[in-house]
Amino acid sequence: MTDYIFGGRREGEVPRTHEGRNPRDVSHLASQRLGVPVAWWGIAMLVASEATLMFTFIGTYYYLRSKTPVWPPVGDPEPHVVVPLILAGVLATTSLPMQLASMAARAGRLVATRRLIVLALIVQCGYISYEMWDYQHELQTTTPSHDAYESIYYVLLGADHGHVWIGILLNVWLLAKLGRGLTMYRLNATIAVTWYWHFVNLLTLFVIGTLTSATLL
Amino acid sequence: MTRLRKLSLLQWFGLFAAAGIWLAQHGIGQGMAEARCSAAGGGISNDAVQIVLMIVAGVVILAAEAASVVVFRATSDASYHSPPPVGRMRMIAIATMSTNLIFLVIILLDGIASILDVACRNS
Amino acid sequence: MLALVPLTLLLASCGSAQDTLNPQGPQAKTIASEFWWMLGGCVFALAVITGLLVLAWVRRGSMGPGREPGERAGWIVIVVFGIGVMVVGLVVLFFVSDVHIMGQTEQPAAGSTKLTVRAIGHQWYWEFDYPGTKHAVTADEMHIPVRTPVLIEAQTTDVIHTVWVPQLNRKIDTIPGQNNEIELYADKVGRYRGQCNQYCGLQHAHMSFYVFADPPAKFEAWLRKQAQPAASPTGELARAGRNVFMTGACSACHTIRGTPAHGTVGPDLTHLASRTTLAGLTIPNRKGYLGGWILDSQHIKPGNQMPDINLDGPQLQALLAYLGGLK
Amino acid sequence: MATVELPARERVERLEQMWQGKPGILGWLTTTDHKKIGLLYFWTTLVFFAAGGAEALTMRTQLAHANNNVVGPATYDELFTMHGVTMIFFFIIPMTTGAFGNYLIPLLIGARDMAFPRMNALSYWIFLTSGLFLYIGFATGNGPNGAWFGFTPLTERAFSPTRAEDFYTLALIFNGISSSLGSANFIVTMFKLRAPGMSFNRMPTFCYAFLAASFGLLFALPVLTADCIYLYLDRIVGTHFFDPAHGGSVLLWQHLFWIFGHPEVYILIVPAFGIATSIIPAMTQRKLVAYPLVAIAELLVVFIGFGVWAHHMYTTGLPTIQVVFFGAATAMVVIPSSIQVFSWCMSMVTGRARFKTPLLFIAGFIWMFVNGGLTGIMFVSIPFDQQVHDTYFVIAHFHYIIFGAAVFPIFGGMYYWFPKVTGKLYLERPGQISFWLIFVGTNLLFFPMYIVGLLGMPRQIYTYPGNMGWTAYNLAETIGGFLTAFGILVCVGNLLVSYLRGLPSGPDPWLGPTLEWATSSPPPEYNFAVIPTVTSAYPNWDPEDREEDVRKLADGVMVLEEGHEQPVVTTADGNFSEVIEMPHSSPWPPTLGLCLGLVFTFLVLEKFFVAGIFGALCLLSLVGWHAKEPQEA
């Protein structure tokens, strides 16, 4: 039989997903493959689409600001500065445990993966619970229908919270799946959710930065 | 890094740098122009901003063009039909050599026309 | 098909009252001449491509050896014509039109115009104010002095409309919260037709207006007349008509300067009789049409904001007599 | 574990049995096969095309002569808005990316299915539900009537009090989800699931066109979604994004809409370029001239297209120093198109052109596209655009481009791939007749619009006075409209008759260059018995590779019959990375599509709590969707 080479490798040398039954197999297969998994590109597409949506909101904020001499307009409360910036920084640190989790999963250390994700989840839930309370509290004083500044303020902040919620739900689902062991599918899922969290953390910094720029800049 | 790896990076720089810097020059240039002429107004003169943007974008595009030419010359023994990675690099180098010039023309038109026209007169 | 292009477009030049290729103002003339130059270039380019397609049909059977015969020739044609010639042509077109001609058609320099007219778009009629005067206001018919640069301030009270007099100058939108300006300069005395050009609702189609370019003396007389309040009605019938107007629904929507009627929904009727047309140039300003309009305006402009006014015969005659007196 | 030595015949039978979908209606409902989804898209988009066409013909009848009253202003406003929205969002985008893209891309790159098969089915079901959602609005008298671009403040609650514009914004957001998912799927499929060895310089130009369209959609649709969210909130919650009195900006809507709008219209024609670059090599038996330039030109058209948006806003009084940026970008966006036009023409001139129906449609496409494109070049001149903006000159320009440059290649593509999809040859004579009917009809329909536009006739007017000199041209256009409709009926009729009584076509009637001609007609569920060897951008013209495929099948190499397996490669160079397991037919896509439809229905009815419940149902169905992993199925 002739020696068939495709894209620089033989069919036998190439890892096959359904051979990955336990963490050790999975980490061996993961080390064999080249480039990034299909799931990485999948989440990259979602991040590209969501980033365009969020940066349209941020662009709208600056566009409306360029149209009004006094920003925030007279009569609108100044945005909170210190607490949101600190919390955004805290949320950004959760990228570290998530990245370590995907590395651990790639190395087949399932227990370490689960612990790291749980750690990240706790901080994330802490962040979102305070923010939701703050968001609801702000809605007592002014409403989005007061003027354009309030409209874009609540839409931008609400959209960012929405993405944090989606990230949290993804983490919860990931923990449920990892609870039943590690397969290539769950490894890819961990990598994908990690990249999604890197995006959300960076996005939150940008959003809080934009909203606080009203007083800082 | 192997020679092929370096060539590959140069080729990707040739492809993405020109496109990226045009998008930046376009976004910032027209944004500053509108902001400068709107209610908030004020700020530095439009001509200064446009000249700086045009020069920076021009330099980056010429660098991208140079990168493409280097890759093109380095892969001269192959054709764009050859197997990867040399064939792929040659093809993208050939393509970007011509299209980077289009970006160069756009940023020149942007800068020059924005300076020649009277600032803050509505079209 | 190719011969069709210049032929039909020649026909076009003797076309409608809103013909961009029959310009009567300096800006419209520049744009029209630029169009003919561009058309020439396009017909030439179309001829080149049509030639290549015909050549492909003529050679349809024969081909050189291998899968890429004549590749070199192909590259040369693409790089020379596809990139080279096109870039040069487009750069020239860009600088000629977006720098040179643009200087003529953009917002006029402050102080370069002799008269200012404010064109205010309403849902579905045009109001023309003359800010310099003790407030001359008319609807759908603007008068300007001939051979004088007039500044048009385009504004709106509701949605986006577009002020466009094709034979004089390019169009400009009326954007809420924004004051857009263009210059109108008529070379010859005459009547020029314009139309709202931005979809603005149900009666967008019937939002036309006239621009009368009058000799300066005639214009000054017209303007002085328009600035005065309404003439008081003479004759018994006209006085009864005024009563009908003031007590009925009319005064709630219309303004007649010098009378208690101050409604702003409909146009200003102070000098209604001096206008040649009504209802966005859909009907001439004669008694019969005016009566028909008052009784059933929805028939002529369906969906417009004027309800059908139900008056009996004598009331209508009295009202028409009064309105007829508002010269 | 070495694969057990099985004779080739048994391997193919295991493949067939493995990839077999469920029979009957349930099979179509739960299918994830890209070919079945392509056909579903094809038939649904044809129905929307008929709806859009009927709207167009009704408008043409109303405009046939002055002061006509076939339809009143209210109905006419709904007709031209629905015509615009239907044709762009529910015919051309789903027909090119949905039908042609779904059916052909896995075949062209030597893959067994799309990267995310179930998401592919989901984008079809969301497309169908959003179409029904819009047309239910239209049928219940709430059809959008603010023009396809829906400028504020006309579409604000103050001036459009009915639910019409809520249907508009929500239908666009809803359809945006389907197109975004579809484009993400295409990009990942073309990047990761190519046959090993197919690097970027060996990818067919059809794929470059669809990459360009998909990246355009991916980055343009979110901007439209943000815009529609603002308008929906302005109308329902009372926010002030577009209200200048409260700090909002009217031009914000136009800026955001056209940042989406212009890439969108390039996204309409780029897939058609891809269809043309597939038909021309086959019909001229010649590789495309200057392949690298054409490949990057297709990507560049859409990329520069993101920088030209304000040439739709030249009359809104933006500062000149800002507007020239868009004039410059509009000037240079022409170059990629001219590169491609000259490449097609030179390929046809230097190749052995056989003017069968597909190539006739492509020649007609080139002529119409150049005609429309040249008038587009006229819009580089800002003053000229300010003179003819929103007149019938602009309508003629973009219909020459949309009908000429998008719909002609769609018809050409229907004829070209008819043998592959149905296994039968179409009737050549009626095909050519249908081409000439459509060609003459569209020119009679659209050319007078140039003239009547220069005569000052604005667009979107439901009637016009008799003394304007426009009547003769409008009558000619109406006749042209009906002639075009007749031509389309002849075309569709010819394809139906050929489907019923056509001669068997065999796998490769055109001696085509790309891999879809290396499979049987119609291709089996698993596309390729053996993952093909690829050493050039025209794999079907490399006989030694095809012989190697036969040997591979005999030796049982790269048959991958142990499940729904699919090779994965690295993005740029196609190095063989791994073999993954693909999910198979599943009921979740239609379920999620229905749940999303109900969410949007209750959003338009302003019942937010019920919409929230169905939103939660959507999340639950997503959890159910991922419950069973592909290798466990």
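Labels for the chains are A, B, C and D, by order of writing; each one numbers its residues from 1.
As a convention for this text, a contact is a pair of C-beta atoms (placed from the backbone, for glycine too) under 8 Å apart; a residue touches a chain by one contact, two chains touch by 3 or more.
Remember, predicted model here, so these are calculated numbers, not experimental data.
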Subject >> Chains in simultaneous contact with subunit A and subunit D >> reply: B
Original post:
More C-beta contacts across B-C or across A-B?
Top reply: B-C
Subject >> Centroid spacing, where centroids are CA-atom means, of subunit B and subunit C in whole angstrom >> reply: 42
**OP:** Calculate how many whole Å lie between the centre of subunit A and the centre of subunit C, each centre taken as the average of the chain's C-alpha atoms.
**Re:** 53
**OP:** Please work out the Cα centroid separation of subunit A and subunit B, and write it as a whole number of Å.
**Re:** 31
Original post:
Distance-wise, how many Å sit between the C-alpha centres of subunit C and subunit D, to the nearest whole number?
Top reply: 37
Original post:
Of all the residues in subunit B, which ones touch at least 2 other chains?
Top reply: 34, 98, 102, 105, 109, 113, 117-118, 121-123
Original post:
Which subunit A residues reach two or more other chains?
Top reply: 67-68
Subject >> Shared-contact residues (touching 2 or more other chains) in subunit D >> reply: 197, 293, 317, 320, 323-324, 327-328, 331-332, 335, 382, 386, 573-575
**OP:** Mind listing each pair of touching chains for me?
**Re:** A-B, A-D, B-C, B-D, C-D
Subject >> Contact footprint of subunit A on subunit D as seen in their complex >> reply: 2, 115-116, 180, 183-184, 187-188, 191-193, 195-197, 218-219, 221-223, 225-227, 229-230, 233, 237-241, 243, 246-249, 252, 255-256, 531, 533, 548, 551-552, 555, 557-558, 562-563, 565, 567-571, 573-581, 619, 623, 626, 629-631
Subject >> subunit C contact footprint on subunit B (complex, rising order) >> reply: 98, 101-102, 105, 109, 113, 116-118, 121-123
**OP:** Note which residues of subunit A are touching subunit B in the complex, please.
**Re:** 65-69
Original post:
Given the complex with subunit D, which residues does subunit A contribute to the contact?
Top reply: 1-2, 4, 6-9, 11-12, 14-18, 29, 32-35, 37-38, 41-42, 45-46, 48-50, 52-53, 56-57, 60, 63-64, 67-68, 73, 144-152, 155, 169, 173, 177, 183-186
**OP:** Please give the residue numbers of subunit C that touch subunit B in the complex, ascending.
**Re:** 79, 83, 87, 91, 94-95, 98-99, 102-103, 106-107, 109, 180-181
